[in-house]
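One chain, subunit A, links the two complexes that follow: it is found with subunit B in the first and with subunit C in the second.
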Partner chain A sequence: MNAFFYKEWLKNRWFYLLSAAFSLLLCLYVTLNLHRLCNLRGAAHFWEAALTKDAIFIQLLHYMPLLLGIAAALVQFIPEMLQKRIKLTLHLPCNYFYSIGSMLLFGLCMLCCIFLLNLSALGIALRSIFAPEIVSRILLTALPWYLSGLTAYVLCAWICLEPNWKRRVLNGIVSACVLRIFFMSDTPEAYNRFLPILAVYTLLICALPFISVERFKTGKD
Partner chain B sequence: MKHKSILLLAAKAVLTLTTCVLICWIAPWLYHFATDRTHRTPFTLYSSVTGEFASIVHENGQNSYIGQSGQRYTEAQFDSILPMFYYRQLIADERLPDTLFGQAINPRTIQTENFIFRTMPAEVNKKTIPLYPLLESMSGRVDLEMPSDVFRITGKGIEFIDMESNRTDTAKSRLFTDALLRKGFAFPAQIVSGNGTTRKEYDNGYLLTDSSHKLYNLRMVQGRPYVRKIDMPDGLIPEHMFVTEFRNRRWIGFIADNRQRFWVLETGTYQFRQVELPPFSPSNTSMTIIGNMFDWTVILENQESGMLIAIDAGSLRKIKTMKTAQPTLTVAERIGEKIPQLRFLSPLDKKVFPYFN
Partner chain C sequence: MIECKHLTHYYGKRLIYEDLSFTVPQGRILGLLGKNGTGKTTTINLLSGFLKPHSGECRIFGQDVQQMEPALRRNIGLLIEGHVQYTFMDIRQIERFYARFYPNWKSKIYYELMDLLQVAPKQRISRMSCGQRSQVALGLLMAQDPELLILDDFSLGLDPGYRRLFIDYLRDFVKSKGKTVFLTSHIIQDMERLIDDCIIMDYGHILLQKPVSYLLENYYQYNFTLSQPCRLDIPEFYHPNILHNRVETGGFLPPEAAEGILQAHGVDYSDFSARHVPLEDIFIGLTGKY
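Moving on, here comes the complex of A and B:
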């Protein structure tokens, strides 16, 4: 597994380093901008907006994790498919359950690290302005966005690894509908009760790319 | 090999489940999208002049003014039978009477006594941040000002947090905690209800229930705490409280209790008076009260049905009731009502969670 992780790191390190830098810069921009506005208009104005108008101040990050998840899968799996490297991977003297599983696990771990960094940075920066009640509301509101990033990564890998174009389109439609569920409400903390179910579901759909790999292996082109 | 087949089996099961869920969600939604029409609910008020409800019904692109018994009115007649609601039109037409039911009326008294109260399940059930601004109730100024701090109630006391510095004001917190403890308040609070806004004419502070369901009114007067313990009738356990700050200053708030009764809490005497309404729970039924000095029109609506109740403003007894007119559904809409649909957005609390309609 370590060898696979190392291989994936060599292939994708620039993408993940850039993604981490980009997402952290975006978080930094959002929070620095908020700090600047607090200095201009007073923090009380923003506390009131959070308490009475459901403001969460980080709307700019709404689709960022989703796009990162999609980009991570595309960067990792499209070259594999285009350059037929996936065939080589599947012919390695080990079960594809381990090889493809390691590749997926690597992507998920990297995304988790980036997302945790993002949420920690946001938490620390926001805590200097707001009470913990407001900070936890903002982070809980952002959690489904980040979870959608992980789901998007797995679903996109499922589509990329699928050998047949018609099936790819069908998989794409199912994926789009699934991802829509993560963006059904702008109300803060609307997903609190649903989040554990979504998290378990994200774990379960990690099995989907193996259907595509099996189809690839059996030559269903 | 065995692992691989189990994994593939699990993957196919997840895909089947996902597809089923998506079909249950999207197929009925598409059907409703194609067949549902918007239905206008007629605007209805109780008229003390005619002693019955009167509605504005939108028919064939025009408004019709119809009494409960079916009598049709002109627009000018409709203004006359609802003088408290259309008083501005009556003033413009120089048709506002100077007495009504033996009581002298003028625009000022009408304006003072008129009020509109609205509560919806989505607002009641919404998760709010447990931080509340406590306004100065007796600043001596006409306009209210937002305070520079907010309070939270913990298991040990009340804490004021200065918004600019994001630090706890320990002196103020101690002062208010001591005031509450002196009146027997048992921390933490169960319900904290108030209107932390300056968009009102005066401030009634907060209604709080403590851990043993005792009721208190908390205000800040000249920077000092004002805490009043309020005696409740036997068996009354507040479930939802709404602080009212209407112009007539008659009530501190409206209270819905655990037995689905509705009460008003009077200013000054702190007496409870029950309003003669059918069982009402704010968490699943919306309520609109359009009140004036003679009567209230109370509109109760939930997902299944709606009801209008006319209440005498003096005695708070029921005068008349009427069921909300149900819209006529097309065959396609009636079929649509019978199709179960998986939904994610609940109209009752704005939360996302799967449920079957």
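Moving on, here comes the complex of A and C:
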């Protein structure tokens, strides 16, 4: 697994470093803006908005994890397919569950690190304005967005690894429907009871890229 | 070492080949020759397990390639058309990556070859010339030290110097260690210097599988002039090419026997000559120019 992590790190390190910097800057922008408005209008106004109007103040980050997940999969898997490097990987003396699984695990780990950094930064910055209960409400509301980023990464890998164009389109349609589930409600904490199911759902979706690889191995073109 | 039996394959409804069977004995270098579209890369893909035949089976080391244990692939070196490699790595990084998968990895042999290349240690493979990339790919194959090498169009994109370098290193490595090689190349002069046996493929089937020495010693190119235009439908003569009554054809009959056949068919001819030709001319003679 170390070897695959080493390879993927060499290939994708600049993407993940830039993504981490970009997402942290976006979190910083959102929270600094909130701090500025608090200084202008007073924190009480925002507390009231949070408690009575379901405001969560970080709407700008709504689709950011999703887009990062999609971009991560494209950057990681499109060159593998276009330059036929996937054949080199599949020819290595190990099971493809192990090789492709390690590549996927690398991407998921890197995204998890970035997302945890984001949530930690948001938590720390928001804690200086709001009570812990409001901060936790905001972060719990954002959690499905970040989970959608992980799911989007896996689904996009499934599409990229698929060898047949028609099936890619079909996989794309299925993926769009699956990802829609993460954005069905804007109500804060609407997903709280559903979060464990969403997490299991994401784990189950991790099986899909292996179907594409199996099809690639048998030459379904 | 390699055994393919009754292979039939289609792309959609297009038949690539039908009932194709061949074997590659241990310690031999076998070249697969064929025009574009005769299924050379398809055969490589079948052998490397990236394609499932419509029917038939390929076995390497006695195992069906589709069901092959991953560990057995340690003994198969694969060169993908265009010397595909992880081009985002430099020569040290790629060596470090592959070494973890192969217990018998021989880094010395790799670095000896890399020392001959004029590349900076931190130069990425993507910034190397095609010739340099081919040497990196060859160095990695040699360091892997596999029993069987499968090389798909190893000469693609290489200038004559790098082609010669590749062939000389490969032949020395393979012959000194008794390796088995199955390869394709579109440059047939290269094959003559490298391979022991060849399979010549035509559309849909194998035309012949023979040692190269047999072809070089037994194939003749015949030239003669027809006194008057006529059709030459003689099965012993491959693809007769007639231009201004001058005929160029070929076959495996000695010159006297070839002339005897012409006379037996009542062909009125003069200026008959027969000569041995290089492998490329044999290939064109057997498969035709079109």
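Some observations on this one:
Definition applied: the second predicted complex is superposed on the first by the 221 of 221 C-alpha atoms of A that agree within 3 Å, B and C clash if a C-alpha of one lies under 4 Å from a C-alpha of the other, contacts with A are read in each partner's own complex, and residues count from 1 in each chain.
Quick note on the criterion: a contact is a pair of C-beta atoms (placed from the backbone, for glycine too) under 8 Å apart; a residue touches a chain by one contact, two chains touch by 3 or more.
Given the structure is predicted, the values throughout are model-derived calculations rather than measurements.
For subunit A, the partner that touches more of its residues is B, with subunit B and subunit C as the two candidates.
In the superposed pair of complexes, A:Thr218 makes contact with subunit C only, with no contact to subunit B. Once the two complexes are overlaid on the shared chain, A:Asn95 sits against subunit B and subunit C alike. When the shared chain is aligned, subunit C comes close enough to touch A:Lys11, but subunit B does not. With both structures placed on the common chain, the touch criterion links A:Lys87 to subunit C but leaves subunit B unconnected. When the shared chain is aligned, subunit C comes close enough to touch A:Asn2, but subunit B does not.
Shared contact residues on subunit A (touching subunit B in one structure, subunit C in the other): 95. On the subunit A side of its complex with subunit B, the touching residues are 42-44, 47-48, 50-52, 95-97, 128-131, 133-134, 137, 174, 177-178, 181, 184-185, 187-194, 197, 204-205, 207-208, 210-211, 214. For subunit B in complex with subunit A, the touching residues are 3-4, 7-8, 10-12, 14-15, 18-19, 22, 25-26, 126-127, 129-133, 146, 148, 150, 152, 161, 163-164, 166, 196-197, 344-345, 350-354. On subunit A, the positions that touch subunit C within their shared complex are 2-3, 6-7, 10-11, 83-85, 87-88, 90-95, 216-219, 221. Interface residues of subunit C, counted against subunit A in their complex, comprise 11, 45, 48-52, 66, 70-74, 76, 78, 80-82, 84-89, 93, 96-97, 100-102.
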